[in-house]
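Structure, as structure tokens:
Chains here go by letter, A, B, C and D, matching the order in which they are written, and residues are numbered from 1 within each.
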Amino acid sequence: MPRVNPIDSSFFKDERGPGDFTVIGKTVPRSDALGHVTGRTQFFEDRTFPDLAHLKIHRSPHHHALIDSVDTSEALRVPGVLRVLTHEDVPANWYGVLRLIGIGPDDEVVLAEDRVIYRGEPIVAVVADSEAAALEGASKVKVSYTVLPAVLDVEEAMSPDAPVIKKAGTNYFVYEGHHARRIRFGDVEAGFAQADHVFEWRYSSAPIEHAPTETTGCIVEPKPDGRLLIHSNTQAAFFTLDNTALIINRAPTDLQVKGGTVGGGFGGKVDVMVEPLACIAATLTNRPVKFVYTREEEMQVSSPRAAERIYIKDGVMNDGRIVARKIMLYVDAGAYARHSPYGATKAAAHLPGPYTIPNVYADCHCVYTNRTPSSAMRGFGVTIADFAIESQMDRVARALGMDPLQFRLVNAYRDGDMKAHRKEASGTALIEVIQRAAALVGHDLPAEYQAMSSSTPRGAIA
Amino acid sequence: MTLLHGRGFASVNYPTGMNLGGDPSQALVHATTMGGFVVSLSSVDLGQGLKTVVAQCAAETLGIPMENVIVDTADTDTGPHCMGTFASRGTHRVGNAVIMAAREAREVMLQVAADELEVDAGDLETDGTGYVAVKGAAAKRIHISDIALAAHFKQGKTISGRGIFLKERSYPVPETGEMDPDSCQAHACTVAEVEVDDETGVVTVLRLYNTYEIGRALNPAMVAQQVEGGAWMGVSHAIFESTEPYYPASREHGPVDFSEYLMPGPGESPEQTSVILERPASNGPFGAKGIGEMTANAPIPAIANAIFDACGVRLATMPFTPESVLRGLDALRDAA
Amino acid sequence: MLTEVHVPDDVDAAVRLVSSGARALGGGTSLMPWLNDYASPPTELVSLRRAGLARIDVAGEAVTIGAATTLAQVEQDERLEILNPVVRSIASVPVRNLATVGGNLFARQPHGDLAVALVALDARVTLVGADGSRELPAGDDLPPFIVTRVAFALPAAGTFRYVKAARRRWNSASIVTVAAVVTESDGVVTAARVALGGVGPRVVRAHAVEAALVGGPLTEQAIGVAAEAGRSELAPADDAYASAWYRARVFPVHLRRALLGR
Amino acid sequence: MSVKIVNLKVNGVDKAFMARPETTLLLALREQLGLMGAKRGCAQGACGSCTVLLDGAPVVSCLVPAATVDGGDVATVEGLADGRRLSDVQQAFIDGFATQCGFCTPGMIMSAEALLARNPDPTADEVNEAISGNVCRCTGYAPIVSAILDAAQRRRERAEGADQEATL
């Protein structure tokens, strides 16, 4: 029997309506479950081709280095190796996935040119008859380097003394002339001045891997009409198609992406990492080509959830009202932007959390370091911010001697409140989920807290 | 050895969709000869159940049984554009697009039925079992397979519909950050109960209690999957996971496989108790909001706060390893 | 790159192949992950699967386990009850059905928990090379010969202790593994053999701990003193599971939990 | 480099194929025999997505050189259903919503089948141990454990039913 959580229909009764649906709201069986349990669900790799070629990558062992020379002659002599690809084989080697929505600059290379800026950065692709030959070939590529100092700390990277690792000239993404995505709402310094207490703490996290059970990959199949059919586990079919077309300089109509069945994504299959090289290899060899990450590549080279460092400074009144919150947030984007500039903006829009605070100041920095580029992951921009905000809420409540749920309820946002990014709140329900969770664990709330409601304006009598 | 117990709280909200580029998804619906309805998409199912939930949206809107809905997705030659599956947007965007397409197809279906029954289309209703009937006169009815056959071979009509949902682009104001990135917000409050081994610093998450407000539970069992599976990931993030165990001081010892990359196994799954609230979103499909991502979020600070409650150690760096807990306990003992 | 997989039917053939440069393959759980995903020099494998080395003999107290016996076979053999918690603390069911007793002797720390137990049990390892067979104590550096069997005497009831502290309840490498055979008489420890895993590049035979324990009662205080004495024998390292600091810090805790059961 | 002919009984049917030295049992099943149920999630023996039964015991097939199991008996997820009738474990996974992305499912089900063949009435903790080598990133495991316990009960009820039929 399925595990189903009860729906408490006593909340928002009027808004929920009669709910007289036929199939909506019903536990309908999953349409994909039969295929899953019988092993018949077809994932991208679940197809064979008699002449399938395999692609493997030679990667940088250094965090930051100049490439002095690349010698692929020995790799080409490995039996079964068909081609090696260098940056010269990539028609538009510089790219950025967000250029599809007009966000630049194109800061990343498909294959390294004169330098590498993270350990694991791809330099040469080797295409071979067998996976073993491709691995062997990739190991035979000889690259000589001049190693450069690496920057591995976000705040050090922001300092004027740090070596600049990016072509654009700054170790941070520039938001319309600013060094960070800003939130400016009210007057945060006036808020601190007015506050009975000021608290400031620091929070941080390390990078986290999506760890899908199926690694990132694709098989590109040349079709009789000259088009390329991309069997992919991308999370975004057209996003992959359009970005791939731009990188390989082919008409988008030359490409077809098929997928839709993915062995776990969690945001890790939104970057366009395997399709362009597999397309180039398939074109040059006129054979189907598979490029799938090994588990180590998935763990250490595919983009993780960004590490973040967050400083939160709160001005709080004795009655528990937070009157000012200042947040300095650093997203460790690693070596390339990918989706991180977007994630930092998402963080900015989320601040100061689900609370109504009249004075908010935030700088959300997207910082480059010499580590694996981070990118999208389940809730990025928000997950780590929530860790920081909700830890802060607990600490402030304890410092004030207040009940942690009552402290949240005092500050909870409600319909009609203006958020820090100047969007009026609507459809809010923070108060209700707190009330219901309190009831779930027998945590008593005083009557006036139980009477609060998200749809009742702040200060009004419930 | 003492096992210390603590309880921690966290309450969060989470945006449905994140639009900085214009955020569309499209759907096409058409009837086959015998009354199957094909929903054509290019959307991707990552395992969260998108294929199932869009079939529900189509069946509900068309007023036909689930069995008559065929979802054909993720082929860029046959499915119209979808931005992708991320940002908790799938159910909301694709669901809305499917509803719009299904409404248009439904209108044609009812008109064809009306012509066959020689009544006014406005007087017709669907019964969800496959019939279109005259309101108040259920005996006067026609099956959708007969409607589809009539459309194909007699009336020369395509029973079809086009749908798109677009959240228009929002440009943040650089100076202030003013923007309108999301479509709605879902909410959650998690209570975590933990046990801390005061000699080893090992944290065991015993129980999680969750309340989620999600707009509308389109498929309650799949809601439970998201809540429960996401909470497990939150526990995993909180006490286990990192690709760089010595971040940021050292880039060494990065785990390379599932042996080294630690996550809770089946023996470490906390008990979970959850309750769902529904405050339908005005712009959501049947009021639904997206919760695919947020379910990992609240457990993390709830666990941090529970650890403090249990043993007085404030962990401000993720993950909360046995070492970080034990160093905190040692510091408290040294200070005592 | 793999160039050949031999599956000889007897040990002699396997020995000849290994002598000519092939690598012995037990369950493959250490070697195959490497060969699958990484470039390697031309490699011939000699699988021991059919070489007749997968049997368990128990005669009175004398236990002999063929090197190709899987950990799952050990787990399911009721005569080897004392090793049941040891093998069940290693990896997972579908790995234990492949991994062998002989292979575990070569596992790199912080893996190889059975080897830790075998050192505590004073097991003897029999190896065969081109110039004949030889016997070495478990825990010694093993030459690249074929291990054919391990042998030990079952300890007296209640004298064998085992604790593996790991990051997860099942299927995790070791933080600290303690295996010991402790004999007491009239409330005094008369003999102790203590082996440790997870705290060095190889299994540690904790002589200093043993020396500190013998001659006194097995109390919390005595174990604390023994743990302190044992610190110098540890050489833990940082890895993905835990830091060297953490391993050394919790070693006394797990030593006590192993020896006292609490 | 040598290529060997390997014979296996797969889901009760005799099969033969050519194995290169690097051909693992997993790759043989997938690429030579077209059985795509077992998945390659890591090729390191650490995810369990490739779990199949070899001579009745669950193994990570990615670590088994195919040439070493010549003459062996292999059971994969494709062989569980009897025509359209699913095994109790398969049916319990569907009914219990124990799948999300589905990538771990075949390996998880084979571990469960092996457990129930050995232990028809496992405790939840025995189930935990039995599937501790099968990584699931979606579900949080609890629905999977529930489904396996449910399947065990279905199997026991079926066995009792068969006993009753036999005595009638």
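One rule holds in what follows: a contact is a pair of C-beta atoms (placed from the backbone, for glycine too) under 8 Å apart; a residue touches a chain by one contact, two chains touch by 3 or more.
Keep in mind that what you see is a predicted model, and the values were worked out from it rather than measured.
The chains in contact with subunit B as well as with subunit D are A, C.
Across C-D and A-B, the chain pair carrying more C-beta contacts is A-B.
Our note on geometry: subunit C versus subunit D, Cα centroid distance of 29 Å, whole angstroms.
Averaged C-alpha coordinates put the centre of subunit A at 17 Å from the centre of subunit B.
Separating the CA-averaged centres of subunit A and subunit C is a span of 42 Å. Centre-to-centre separation between subunit A and subunit D, using Cα means, comes to 34 Å.
Touching of two or more other chains is recorded for residues 2-3, 29-30, 32, 132, 211, 261-266, 294-296 of subunit A. Shown for subunit B are the residues that touch two or more other chains, namely 46-47, 49, 221-222, 224, 228, 230, 233, 245, 254-255, 257-259, 261, 263-267. Contact of a single residue of subunit C with at least two other chains is seen at positions 1-2, 33, 37, 168-171.
In terms of inter-chain touching, the protein chains here all touch one another pairwise. Contact residues of subunit D toward subunit A in the complex are 20, 22, 30-31, 34-44, 46-47, 49, 76-78, 80-81, 86, 89-91, 93-97, 99, 101-106, 109, 135-138, 142-143, 146, 150. By the touch rule above, subunit D contacts subunit C in their complex via residues 1-2, 4, 21-22, 24, 43-46, 48, 51, 54, 57-60, 62-65, 67-70, 107, 111, 114-115, 128-130, 132-134.
The part of subunit A that touches subunit D in the complex is made up of residues 1-3, 29-30, 32-43, 45-48, 130-132, 210-215, 261-266, 294-295.
Against subunit D, the residues of subunit B that register as touching in their complex are 46-49, 221-222, 224-225, 228-233, 257-259, 263-267, 269, 272. Listing the residues of subunit D that touch subunit B in their complex gives 41-42, 44, 46-47, 97, 99-103, 125, 127-129, 131-132, 135, 137-145.
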